[in-house]
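Heads up, the next two complexes both have subunit A, just with different partners, subunit B and then subunit C.
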Partner chain A sequence: MTKQANFWQYNKVVLVFALIALTMPFWFPLMGGYSGLDTKIMIFCIFVVGFDILLGFTGYLSFGHAAFFGIAAYTTGIMLKSFSDNILPAMFVAVLLATLVSVMVGLLTLKRTGIYFSILTLAFAEMFHSMAMAMLQTWTGGENGLTGMPTPMLFDIKMQGASVFYFVTIVAIILFYVAKRIERSPVGLLMKAIKSNQTRLEYTGINARKYKLLAFVISAFYAAVAGALMVVYEPFVGHEFLGWHQSGEVVIMSVIGGVGTLIGPMLGAGFMLYFENVLSVDLGEQWLLVLGAIFMAVVIFMPGGFMEGIARLKKRYFTTVDGE
Partner chain B sequence: MTDVKSEDTKKKTGWSRRDVLKATSAGAAAGATPMFFTQNAWAEEAIGNYPVKGSEVVLGFNVPQTGAYADEGADELRAYKLAVKHLNNGGGMLDTLKPSKLTGNGILGKKVTYVTGDTQTNADASRTSARRMIERDKVIMVTGGSSSGIAIAQQYLCNELGIIFMCGLTHSNDTTGKDKQRYGFRHFFNAHMTGKALSPVLSKEYGKDRRAFHLTADYSWGHTQQESMQEFTEKEGWSTAGNIMTPLKTTDFSSYLSQVLNSDADVLILNHYGANMVNSLTNAVNFGMRDMQKNGKNLEIVVPLYSRLMAKGAGSANIDGVLGTSGWNWALQDEGSQVFVKSFTDEYGFPPSQAAHTCYVQTLLYANACEMAGTFYPPEVIKALEDFKFTGAGNGETLYRGSDHQCIKDILVMQGKSPSARTSEFDYLKIVDQVDAATVDYDPAIFGGELGPYIPA
Partner chain C sequence: MAILDIHQVSLSFGGLKALQNVNLKVEKGTTHALIGPNGAGKSTLLNVLTGMLKPDDGSVMFDGKPLLNVNSFDINQLGIAKVFQTPAVFPELTVLQNVTIPVFAARDGSFNLNMFEGRSKQRPLIEFAEQQICELGLENHMHSLASSLSRGDKRRLEMAICLANKPQLLLLDEPTAGMARHETEKTIELLNSMQDGITKVIVEHDMNVVFSLAEKISVLAQGQIIAEGSPDEIKGHPKVIEAYLGEAQV
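Let's turn to the complex of A and B:
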């Protein structure tokens, strides 16, 4: 009984997230959203939660996560097109392949830290992008993108509209739960130790590289799941999925929401996509300018992102100390 | 999915209390409906956002408002707004388009309104934006796009959702070739037609024993353009010395140009568009290539697809005498072009680009097809557009071919004007030849592809 009570207490955040996410089709249209965008927000929630395991925990800023997102998307697309319209084998192969690629990229890039690591990952992603645009364009469709897939199916369910939303949301909830578990595990602690002082960690006899690679691969796995789901959501792969712009967008989402908090980046993802697709219409062609200004304001006045803002509000209005 | 069925069809940006109440109840009702039920209902009679409820019909204009093609996008949007104005109040090409059932009183008695979106010249962003228009703003038709990749991406999405997509500026053979869709229509011409129209003029101007070297933007439009140019210049007796695929992001073409100079070619064909073309042409001029002699002949440069914005970017001195093709030009003297140029200039103070022309005509053609069909029901509208023959929209007598949804119409061969020959700041190109539709016509079967069914799966 107490154990069960603990379980609910322990996973309060996940449950609140699940509740908000699953009811999204009901409240999201009230604020100008529409079905389709809610699915996309969920997909990017998966992407940024994974990204936060790397950036937020270990402090390694990757500018190349679009590579794993894109590789998984292309693989899913090609699988759907030429193997079967069932999404499960397609997603499995896609995520596996992208994760394997991430092991290789991780081994090569994690030898460096800071800006050198960022640039190396960016270079790798751009390499994959160029390959998709030039060498492999008979497979990827190059500039036109990969098109002509059948409607993705989960056995007998058409992956359209509500079914794809709930499928994506359930995956997002599971992966958020997993990320939370990682955060609280000893491995998560070691990852955070890498961020605070890697040299000291190594002096204690711990192989930091192993945990860095683990964080990198886990985050790439999340990116790959998001990439594969993107194709399930809409049977189309654009070369932009692999582009630096995509990587940059994820970084911005994380920073604007609050790095290292897991929830923050998801808020950031929701905000960015909502802004880009709903508010931008009212702002007209100047919307990028406004977004830039908001981004700067957040970084300058709230370096901890939205989560810092929330924490400050909490502190001001609920001064009683009460944990979470 | 749940709010797809929501009842409010009005375009809106703000939410009144009434709207909130309505949407809440509709959302709740829709949420309670099992999804398989709504999907069956979808396949029955309603397709996409048909039937149109209320006294207004909404069109979706999805153009690049930011990014590399923002200039073209802005001009497209001006044309769309003008088209809406004319549809609601009469004027413009409504007076010249024949046959036409347009009344100047909206479409089928419903007032035309619109929503806009930003494609960001990014296929993914364009699809998200189109989806917003379709699912939230309940548009009956989407139009726009300023590059082929974007147009094709939206065309697939619209086809899937049962919304007619009227392509804007897209020149790749694929749009109405291997990627053609039942719900997609293209008024603009394509790379194949460019090759067909341009090559005879080239051999007349430069002789039949020329050796051409191609520099080609390395993406699908560039490839189709290069193939078409090579095919048709070789039919004229030219030979091909070589072809280099240049990455899309290239800004300095010097290394490729020196390979051209080292070959025995005496014509350089730049299968580039937009900024690519501006840079490669400027580089070539800086190399002194326009004053060079090869094989005892003047070295010539050809730009298969021309636009005023590109000519402006490259500068009048650089494009002086360079040949290429355009879909339309504001200097055309036919009645349809003249009324369009006049109303556009009255509204905005400068003449329209070819992108504006194609977008304007597309909107009118869609509206006219609805009037002819007497309904917004997409399969009937599609049937009205297929094999529709019309005049008075510029480009002479035009056929909207039913087998691939490509317009077969006259193509313009253009030549850059020298700085001294220009009469206004918008006057960069002169019309050398208007190649008639029959000459540029081709067999749609050569590109493959399937249009698919009238009722989407």
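Let's turn to the complex of A and C:
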């Protein structure tokens, strides 16, 4: 195989994703998506890809990732408002701060597994939520949210409309590529081994705790980037950004799409936001009911999510002799 | 030379004295069996060696280094691997991935941030893992999920995992428990054919297995070593018979 062919083979998924994502402004309106929703979908693609490194690889279900999303969003907002309207320093500080917080939260919560871990993460996120609502009200705007940011700038480019979309999409493509690289690295294998048999892993000479913390911090980093981009997309931060509802939404996106596949959760994110914003117009207030039914149907009949459905279809219609 | 030196180790669970002043020396390159009735403390002793349990008293030296208060993964990195009673593998990963893990652990230590290194580009390491798998006769299952293997094959896979980071000491906790006769014989063959130089400590109930493998046997009863010697010495040892069958039948 030539080097080019090798590169293509190796990065097929990322290139296909890049193609679909970058052409989104052309085909997405045709299916009823309003402009701006595509940007939001891309932001959540970043969030869920990172989340999948934790949930999909190590099997640790966090109900508190809104904390990192929200902390980064607030920090970005405050930075834009009081420091400079350039998004790069704002995003840098925001992501750094949220990632540092995640190291602390991870060290404490990863002492427990299963449901105890989930509840601890939820408790931490709720703690940050109530801090934003009360103690830090002067900075966060409390109930009303953080408003009054200037139009975010990327040096001389106004971050509005198409420029936000392409900025976000390029970040999403890079971070998806990074996630793919991690999956193919020894670290990715060891993270998956944590989910499979942690005791065996420890007895095979691997410090599972450090790898769990690494997965937690990476996923928090992704959540933080998504949170910061949310403010670039729309200069507003609401306290819901930190809420349990936000954490839960990411879990649902991941499960619907297919946990552990990286691409699946992004499908889930796209589906859910499309459903929430476009299809719900026809369904009215009942859309949550329909979403609940879809979620249950997926969990019961296709526990591997959309990706399992796709794999089944592939097996049925495209199976060749060597099973490719 | 003793590669493993257990000195005056005691451990209680509440009021139960699981281990009482246990002294045990395992010579390098030998196969040493630990036998004894149920509840004698055999598995407890193995758990002390792997860092899972901390004894109340005593010391354990491995190759001149202390083992107490050392993490399980560091103990493994020092060269001690354990085969569990129920084969412990990574069920959701393929056989090749299962064996790749210890190969990376041997190269990178217990933690390494090589997040962007392509695994498939490490040909020599992957080839070494493949070779280990072939040596244990699993070449036809290279890309099958570990969960799809039979119990006997899972045991082989576990051995391959344990051997892939080249341990000096292999601990085996009842490796033939629940196996059919022919599988037991295969396991004995496998253990006998294992590359030289590896010291083995084996806990086993099946006397047939013990006598076909061990060069030295220690007998534990109620947390104490009551006898020690070659298989022939142990066979007729009055204390051993007493421990297994009770006084009345001596």
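Heads up, the rule we're going with is that the second predicted complex is superposed on the first by the 319 of 324 C-alpha atoms of A that agree within 3 Å, B and C clash if a C-alpha of one lies under 4 Å from a C-alpha of the other, contacts with A are read in each partner's own complex, and residues count from 1 in each chain.
Definition applied: a residue touches a chain if its C-beta (ideal position, glycine included) is under 8 Å from a C-beta of that chain, and two chains touch if they have at least 3 such contacts.
Because the structure is predicted, anything quoted here is derived from the model rather than measured.
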| item | value |
| --- | --- |
| Residues of subunit A touched, compared between subunit B and subunit C (which is higher) | B |
| Touching partner for A:Asn277 - first (subunit B), second (subunit C), both, neither | first |
| Subunit B versus subunit C as contact partner of A:Leu37, first or second or both or neither | first |
| First (subunit B), second (subunit C), both or neither touched by A:Lys212 | neither |
| Subunit B versus subunit C as contact partner of A:Pro29, first or second or both or neither | first |
| Subunit B versus subunit C as contact partner of A:Arg184, first or second or both or neither | second |
| Touching residues on subunit A, where the partner in the complex is subunit B | 25-26, 28-37, 40, 130, 133-134, 137, 141-145, 147-148, 151, 158, 160-165, 234-236, 238-241, 245, 276-278, 280-282, 284-285, 287-288 |
| Subunit C residues touching subunit A - in the complex, by the definition given at the top | 50, 71-74, 76-77, 81-82, 84, 88-93, 97, 100-102, 104-106, 108-120, 161-162, 165 |
| List of subunit B residues in touch with subunit A within their complex | 1-4, 6, 13, 15, 20, 23-24, 27-28, 31, 35, 38-39, 65-66, 70, 74, 115-118, 122-125, 127-129, 131-132, 135-136, 147-149, 152-153, 156-157, 160, 172, 174, 179, 218-221, 245, 247-248, 457 |
| Complex contacts: residues of subunit A adjacent to subunit C | 10, 178, 181-182, 184-190, 192-193, 195-197, 199-208, 210-211, 214 |
